């Protein structure tokens, strides 16, 4: 699924950008086009990812979970084993190579939970670039560990105090920085959203996931999987694993959105599988947004900070419309249960975001045959989320630990 | 009369025009009403009324906060239309809507144009709608005779300026510098070169905005631009000294 | 370097074990011998490690650090990218396969920082084994996040309240469990110490590190490195990377011990490169221990919990004696500086343990030629150590974050 | 007289002997002195004196804590030797040293044996020194005529028992069950089978230890073993009721 010359996928996408950025987007589009044409670029990318991150990441056969559900064989694509702990590295490293080519000296990025910020700060350290990360003030408070690491890697983390003080506001603020410092700065967009060429470019870098997974499933299972599951925040890990399977007619692709407190609760981030969302244009692109009748964006909610976003990849919106991807959602509670089960059965700790894909798969896998296989994309690891996960489980020893530490530090 | 004609006829009497900016609903429509009265009475030539949006990506901290507060006050798009209708009825200077594209898109492009035209709005400034994205928008603008105000930036190439000028009506909004609204601009040599490039690219009147704050700034623009835009400056003034301070401030600008 | 029939390496090692364990050690030794003879076992091990963890782990060329020091090209072996975040996984998964063969249903392990406990709990979940982890009470308090994950993976974590309430006491307690439940329980020893066959067996599983690293350095650098650096706690990651290079005469092997507050401070864990240690027998084996004149073990100190141990691998003691490995130490301060520099220059966060290897290398690398290469073994990732690292850096925002959280939880 | 002879001559008068255990320096050498007096006066046949070690791997919580406290009190190996000399001098029953190998290794094996022999110690129980690890130790034991007490466990095969018996002198210490010191053992059918196996493997006297706590336990051993070992039980007794309680307790065991 490629964009048209104005950056649209069907009627979704585009580049709704202030004029100041026009020129820089032209350069970006050209450089991106050159990279796509140049096989050496992809080679360089693969080599970087295999020496700095640990690509190819494994495809793990989850034998215990498969037995537990008695349905299809469950395979897990292990993006959690990437350097910095999530698929975000794929995109960021790719954009890093692009920045080097463009000769820019500074990168900026938005971050919600901090995962993309961590990845960008890491890439900036590796490539010797200046780096500023915009992060909603709420998130800075909630995700101090990530802020700590970003700062330690030399990045400046700017708490964004506007709006809902979360991801979308960080994106707005990053755009404000970009229009101000456009000449030497590249904005490393973190997901398959935003103005063209970001949705397609980010999906391209992430497509390494599905390319590897297809080879691996053929090797271990002998044929294509029945279904492939991915969680959907902005949509980059989903696009990353789906892309390679789009033309495999027998493979069903399932995106799992954040059900929060439930589809009827008003407290969720379901953009594609609920009637609460409607078409809109914001943050530079056209897609389904959670917005009110006036077009003002709504508050969203998910236990997973990385899924807690008002928009969604325009490519996924197009694929939803064309029925090439099915969208479901999983509630916070279902997600915590799926996480718990996966830890106990497989010794694997999916990120809260990724746990949505697990929850979605667990609902359906039992109805398939043990001769079939499914793939779940584990976009990241959960141990980075100790503060959120221990909190969500309401673990009393954890609380005591924090209280005691706090008292010690107060002395 | 079209917006461009309106401005040109005013330019016959003044060496530079003044456009001001308000955020509808901030701090309240009542205060907006008073501020606009003071602006008009003190010789403002054109007013852009911003319909607040939750994601004002191109605005700096002052206007951003104003947008948020206006929404928090419960300002709806319908309120903005009604207020705008009242203003356009009351004063004869041209009123424009400034907003982000989603407000129009969500309302329905054609319905929005129709309503604005009925009210007597003369132009739209939509900072996140480049002409490539605005095919139907530009067609409707033509149809409803509402000027789509296009924007030049210092980063725009000559070629790009030509292209934008083709689509533009009313005037061209020349952004004085990189960045968002609300910060002071330096009017150095680069700026003068930039304005020359703007002038060469279009026969439309040139408005210059972003960071214009004082009589000196406006003096400096005379002969180089047709209209100076005062944005965040008056918002800050109202915040600090109340609506009554706007009249004297505007009067002092020339 | 292989053990003799009594489990000695030169005069070091052996199996000083209570009679109750004699039989189980016989079985273990026999099974281990069978595995070593059976090429299919190593194949199975490689396959497990490449599908469940992400072996081969990358060898990363640290271009910025190399430039910074202006000496040899620095290559980093990335054990941090293993599943669970450290080289510990190599040993634990290997022993897991052994346990499956022996038909035992329960595993126990000691843990200091929690890294080996995490790895063992993970393996137990994956292999469907019951699991009990012994951890000094001090460490349980300091390392609550790891305890939380171990419990979530279904393990029972027992705080050990005896002695110094740290690693060595956890080892004693694990032995007490083992002698009690010997029939169905295997003790997954966490490092290349303890009674024979553990030192050799653990080193064997860890040798995968050096085997990969040698291939990789030949591929990227074209010849053997000048020096290879590893931190030395019990010695397993060091043995893991050193083993392959022992016969390469031109390669110098350097083990870096925990210098704590300094070699003269009495607060360190330097067993091989300081006169504070002397030969002894404890915890089932003979090696250099930090002990007093009566043979009572002393308190040790290191900023890195995983290096804070009174003994050291008997194999390393033998290699030290035969001058095949050189031992140095790095102080806590040097280690924090090395960590800081590595994060900023390379976007890589070594564990505090691993940072000792970096600190050791940084002292010497400048004197080598840019045509030479060295390898630093990054045994683990540091982001698991946020509580220790942020504390060690004295980060004020971190403290505030913890205080605020504590207050919230106290409500 | 060798240890085995000493025990055999006592066995002529009693159907089962009693060995007790103390940790030197816990709670203090003074209390140890009083406890030993009470033990000897109430008919204990043999006493194992544990030299405390910081890593008592084979001991359960009670003895473990006693080791730690003894060290915390400042008990040194030298203190243990002096105290042991005094006891061996004062009482004619055999005294043994129980400790972990490192204490001996660090002192110097030969020096340790020499010193112990001078004092009149009759045997060593070293739970972490299997015979394979103790070549020089066993040779020195022979040379200095100090009995190396070897240990049978329920997990020991018949073959292994034979092997151990070859190296053992004085008596064989039969560990009643898997596990560490201090917990109650069950004396069921498995246990009786085990003791039969022990008996078949050696002609040395058999001592049974681990978890023996009462007169009934000792009664049950009669005819199956030659000596019962009381370990943690007296330590707990001293902790709870003081040294004076030891005499009556020992007296009550037969």
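Each chain carries a letter (A, B, C and D) given by its place in the written order, and its residues are counted from 1.
Just so it is clear, a contact is a pair of C-beta atoms (placed from the backbone, for glycine too) under 8 Å apart; a residue touches a chain by one contact, two chains touch by 3 or more.
Note that the structure is a prediction, hence the values are computed from the model and not measured.
A.B. asks: Setting chain C aside with everything else in place, what contact-connected groups do the chains form?
C.D. replies: A, B | D
A.B. asks: Could you please state the distance in Å, as a whole number, between where the Cα atoms of chain B are centred and where those of chain C are centred?
C.D. replies: Centre-to-centre distance between chain B and chain C: 65 Å.
A.B. asks: For chain A versus chain C, what separation do you get between their C-alpha means, in angstrom?
C.D. replies: Chain A and chain C have C-alpha centres separated by 33 Å.
A.B. asks: Round to the nearest whole Å and give the separation of the Cα centres of chain B and chain D.
C.D. replies: Averaging C-alpha atoms per chain gives centres 97 Å apart.
A.B. asks: In chain A, what residues contact two or more other chains?
C.D. replies: In chain A, no residue touches at least two other chains, as defined above.
A.B. asks: Which chain D residues sit where two or more other chains touch them?
C.D. replies: Nothing qualifies.
A.B. asks: Could you tell me which shape the graph of touching chains takes: line, ring, star, complete or other?
C.D. replies: Topology of the interface graph: linear, an open chain of contacts.
A.B. asks: Can you list the residues on chain B that touch chain A in the complex?
C.D. replies: By the definition above, chain B touches chain A via 53-61, 64-65, 68, 71, 76-77, 100-103, 105-107, 127-130, 132-133, 150-157, 160, 164, 175, 178-180.
A.B. asks: Inside the complex, what are the residues of chain C that reach chain A?
C.D. replies: Touch list, chain C to chain A: 50-54, 57-61, 64, 78, 81-83, 85, 121-126, 128, 141, 144-145, 147-149, 152-154, 220, 340, 343-349, 383-384, 386-387, 390, 393, 395, 397-399, 401-407, 409-410.
A.B. asks: Inside the complex, what are the residues of chain C that reach chain D?
C.D. replies: Listed in rising order, the residues of chain C that touch chain D are 6, 14-24, 162-163, 168, 172, 175-176, 179-183, 278-284, 286, 289, 291, 293-297.
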